């Protein structure tokens, strides 16, 4: 089919500095590289998911990438209505012949940053700040905990969630307070999976001279020298690939689980944090990554049994 | 001859379609007390508010001390030495007396300096005019008489030379009213000018030097008080002859319809306001309760009506005890209640008249089936009430706030009386009502009595009590001081009302 | 200053002027962003009313706002300010959803729908009960308690969705999707009778229920004894006491009705559209309801019109954001703000002017 | 134990500060008879203006000035609606909330292209923590050190401003001409009018005060507590402050304690998460998060009698109908 790519972001909006923004940057990269324009839409409420997907489908967009697990029902419905259009959904499985479902092994990436956190910590205490207490966030937390314990079995992990309303993802003040509370208990590295709230976590860690770990996108540059690393979830790659595959005529549907092996998750290493990651730390993380890829280490996926063994 | 203190020439004012003042001319001589009378809605308050800069006249000219002036706001009026005591007090209730007096004349950014000065000035005014109030009392806690003093003090504190009083005695007891007139005399003696609005023609005759009459927005006459009579004034006001005395035959009391036995009740602050009141009202008689306002009459009426719970004692209506404090129950037992304060309690002024015609009776089967109100029947009932009481305008759809005071009162009375209750309790039936309406209301009450109903009447107007009642009970400090008959001596009643009297045992 | 104006001026001309002013200012903002305001307005109007699916979405959103608007309006008549519509609707969604989850495998939709509606209303009412009771009995301010209950509702729902209702192994904190019987039918027949194609719009029979609710509220407030008591209590509590109206009873009953209406709103998103219980299902409609009720002057007809206006802004705004990518969804919020400002806050701005302009003409009419 | 208490209180102070500023802001407005449900919007707009100006001009003080200016402008708009044109105060407040939410994101995106966020602020663009005299010296003294060096010292200047504003407000309302007139206009505007004072002028002054304080609160949020503006970052604080205002029955000193209480509940909830408590063990996160709201309801129902709001609140002053 003709290439006419489109993206539908989740409620956070395309500039959420993490998940949706990663999708946006993937699409942008594609546009810059190929010169092919794309369309996108930021939904404002749940009813608009279907509406946006349907509009894109009707106007012949292809592929249509939906970001976020909340889009599953809408994608399922619209994909059935337009069997000739190609859809992709990130973070959820929609089992239809014209849908590509892309999942990430966030727990694997979180495991790696967990190792780095444990090794960077001088106190043996590290923290985690999530947005809302939903399974996806627990999955991050559990993988992180696993990594921390692997590097330092005696380490203590503090785990907090921000809130129960949509504000939980946009409340840097509360994020900062949570981080301060954890630091008061001794934590000196704090990993966040909390969207805009996480900016407060990073800021609080930076203000206190401690370390934070970013999420989804590369957030190392937000407070250079104070962001140990970022757990990358390559939604950008997923979006880019989806566009590119259609362009190259290599579109496939079905299930894609992007873990370390596929380059779908990882940790960020750049100018901003190269002095924070010692060679030993890098070695440990890379070794763990290799083992995970090789199957020697299986990081527990919280979603598989709703429990975290670490 | 000195210039008049106030001279109005061709003053005209409309509120939208309402033409409140039409081409008014008025001269008020310096150093006099000048009365203004007129029916409800005649435009008196409006005219005075124009003089005080509260409203702006559409046309016309105001001269103060012979000089033509513009009064765009109250500040300007104050600067010209005009002070006003409004019909509805302009007081900030949670404030102290001192704060109220200072408001707008604080004398500096900080209150402290001004407060000392105001305190001294209040003390001086208290000495000079006998206007005594505790400067630190919270105004909302003061009885109305005292609140009015605060209003007068406010005006004097601002150096008023011309003082306007809008229906000042409507809320006062005879005693308090006398005191007020003594103060006004003193003011006049000091060369100040007083403009006095009142519905009480006796007061006009007793206190003023000249009197002007308004009717339907026009100034219809001005007389020297010495040259006129109550009858003439009443006729000028209403436009027809008015009967100022109530004619009634002797009462023929029947069985007891209302019995209050040793009733005790507390107010919201927990103060005991009824301290063991017992009384009986029989069919076919009017029992009047005289007393200075605030001695428990309000609480007594509310207790009988089921609004205020009793802490001890009993109430029987038509022979059966009122089982619980529930106004709806009391009504079903045959009680009707005309409350003292129609604005606050008796009416929902935001509603059209027809909806006020059923207030309290809205659950009655005759107004509809099941949960529904039958609009047609409500309307019909309202029309009947309006016709029976000559409510003007007879428009059931008119918002109740837009009726004049007298007509609002008639709506309440009509609603309660036309229900054909066995027992009627009435508080201040003619407060703020003009003579024409008073006449009609009094006649209705007598008719009702003669139809064999039991009526309990509370009023601070001793005249009214004496004119209507078959028996008079005097209330003081939550207790009944004694019973007198209608012919009782006014002085004796006055003594009982102030708590001195032989009947203390009662 | 204010002459009495004929009803068509007060209820027709002036609101239109206000709306026009709001759009004018919104147009300025659009122009500032470098887009064509006329085109933007055209897109909004076209998007909201120009074709079947757009109309369907407009009415779909309006359905939510009608319920929450009525909820606020009813409470308003009793002098109560119910800010808790959001939480009541959220919890109402639990009631609706549980009914569907329990019955969708056994009963047809037309049997489930009434049960779900009752459950939604009952849950919403239950969520309003405590604030009402505390206000009536303990004097705690209903504005605060309902705000607090909004937060509590969110907390409760997240807990239930994550720990109780979530489908095993699924990512999203939502209940399972209902079977066909747990879905309200769409209104294609109605739309095509009106000459429209509903398309993908989730407009469903709960819209009809919303209309019925308007009639119900109108009859309740202006035609029943209870409504009379509610209005009396709201307008003058002392007179209500005098009339034998029990304040506790009126407060509680009014709030139960108000909460019930808010709870009913959940029928639309839960059973009518998404067919599951999901996070934040009220989606802010409870707050929009406040603006809708006030703009509609707490009258059901006004609420209906204001709700449609807001529905149109939601739908037209989405269309605008879709067609003009430079205009983000935030612009839509700005436009909403301007409409509320001009049609609500500044509603009397043009009145004196209109009165003056019309004065000669009106006087002639009188005479 | 003591240290933990100090840390919770320290966090309480930080969390109560924006509440307190906004609560006092609402107090000025509502004591003058203008109900303000738009506090949330003004707070948000203030936060945006402060962060934007600080980012562009590099100084938190310019940010503060911008925040105050913008919030006052919104407050005056509110005033225009419900003082001059006698519109419904609640509707007008709701409009302000919508406008602020939309415009901050819109302008933020237009100016900074970061999705409505302002650029992250560096230390020199933010209000730093003030170290009070002797804080260093006393730091290690038991008890006193904790209280002085941790709890009292080391906050942003806006924190001290906020806590100073409570007594200042009390003094202003009770001891000055402005305060007397402001309170009067909220209780009985007709009395103020007949005293020759302009009701509209007083109310405009009051809402301007309200705007100024909201602006300061916004500046605190985005340039002291965090380092930049994020869409919707006020996160309902305006409403909580409103609740605190009612809780405090519209009085300044109780308002301070109410805000401290709300701040404390929040701080405690933040620190209680995941902590194993006696008896119940580790409570679900949601329960802990709900605690402040639950306690508020319980306190309101249990201890605080009926509040009497300023009598003229919510009613536009109309002289001639």
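Just so it is clear, A, B, C and D label the chains in written order, and each chain counts residues from 1 on its own.
Just so it is clear, contacts are C-beta pairs under 8 Å (C-beta built on N, C-alpha and C of every residue); 3 or more make two chains touch, one makes a residue touch a chain.
Composition by chain, UniProt nomenclature: B = Simple sugar transport system ATP-binding protein; C, D = Simple sugar transport system permease protein.
On a predicted model such as this, the values are computed, not experimentally measured, just so you know.
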Co-neighbours of chain D and chain B - touch as defined: C
Chain located farthest away, centre of chain C as origin (C-alpha): B
Contact pairs, highest-scoring chain pair: C-D
Distance between chain centroids, defined by C-alpha means - chain C, chain D (Å): 29
Whole-Å gap between the CA centroids of chain A and chain B: 75
For chain A paired with chain C, centre-to-centre distance based on mean C-alpha positions, whole Å: 36
Chain centre separation in whole Å, for chain C relative to chain B (CA means): 46
Of all residues in chain D, the ones touching two or more other chains: 109, 116, 236, 286, 289-290, 320-321
Chain B: positions in contact with at least two other chains: none
Junction residues of chain A - those touching two or more other chains: 13, 133, 164-165
Graph class of chain-chain contacts, one of line, ring, star, complete, other: other
Which pairs of chains touch, using the document's own definition: A-C, A-D, B-C, B-D, C-D
In the complex, chain D residues that touch chain C: 77-78, 80-82, 85-88, 90-103, 105-106, 109-110, 116, 236, 239-240, 242-243, 246-247, 284, 286-287, 289-290, 293-294, 296-297, 300-302, 304-307, 320-321
Of chain C, residues touching chain D in the complex: 1-2, 29, 33, 81, 130, 134, 138-141, 143-145, 147-149, 151-152, 155-156, 158-159, 163, 287, 290-291, 294-295, 328, 330-338, 340-341, 344-349
Parts of chain C lying in touch with chain B, wherever the complex brings them together: 2-4, 219, 223-226, 228-229, 231-232, 235-236, 238-239, 241-245
List of chain A residues in touch with chain C within their complex: 13, 39-48, 50-52, 54-55, 69-70, 72-73, 78, 81, 91-92, 132-136, 164-166, 303-304, 306
Complex contact set, residues of chain C against chain A: 53, 57, 60-61, 151, 154-155, 157-159, 162, 166, 168-173, 177, 199-202, 269, 273-276, 278-281, 283-284, 314, 317-318, 321-322, 325, 328-329, 332
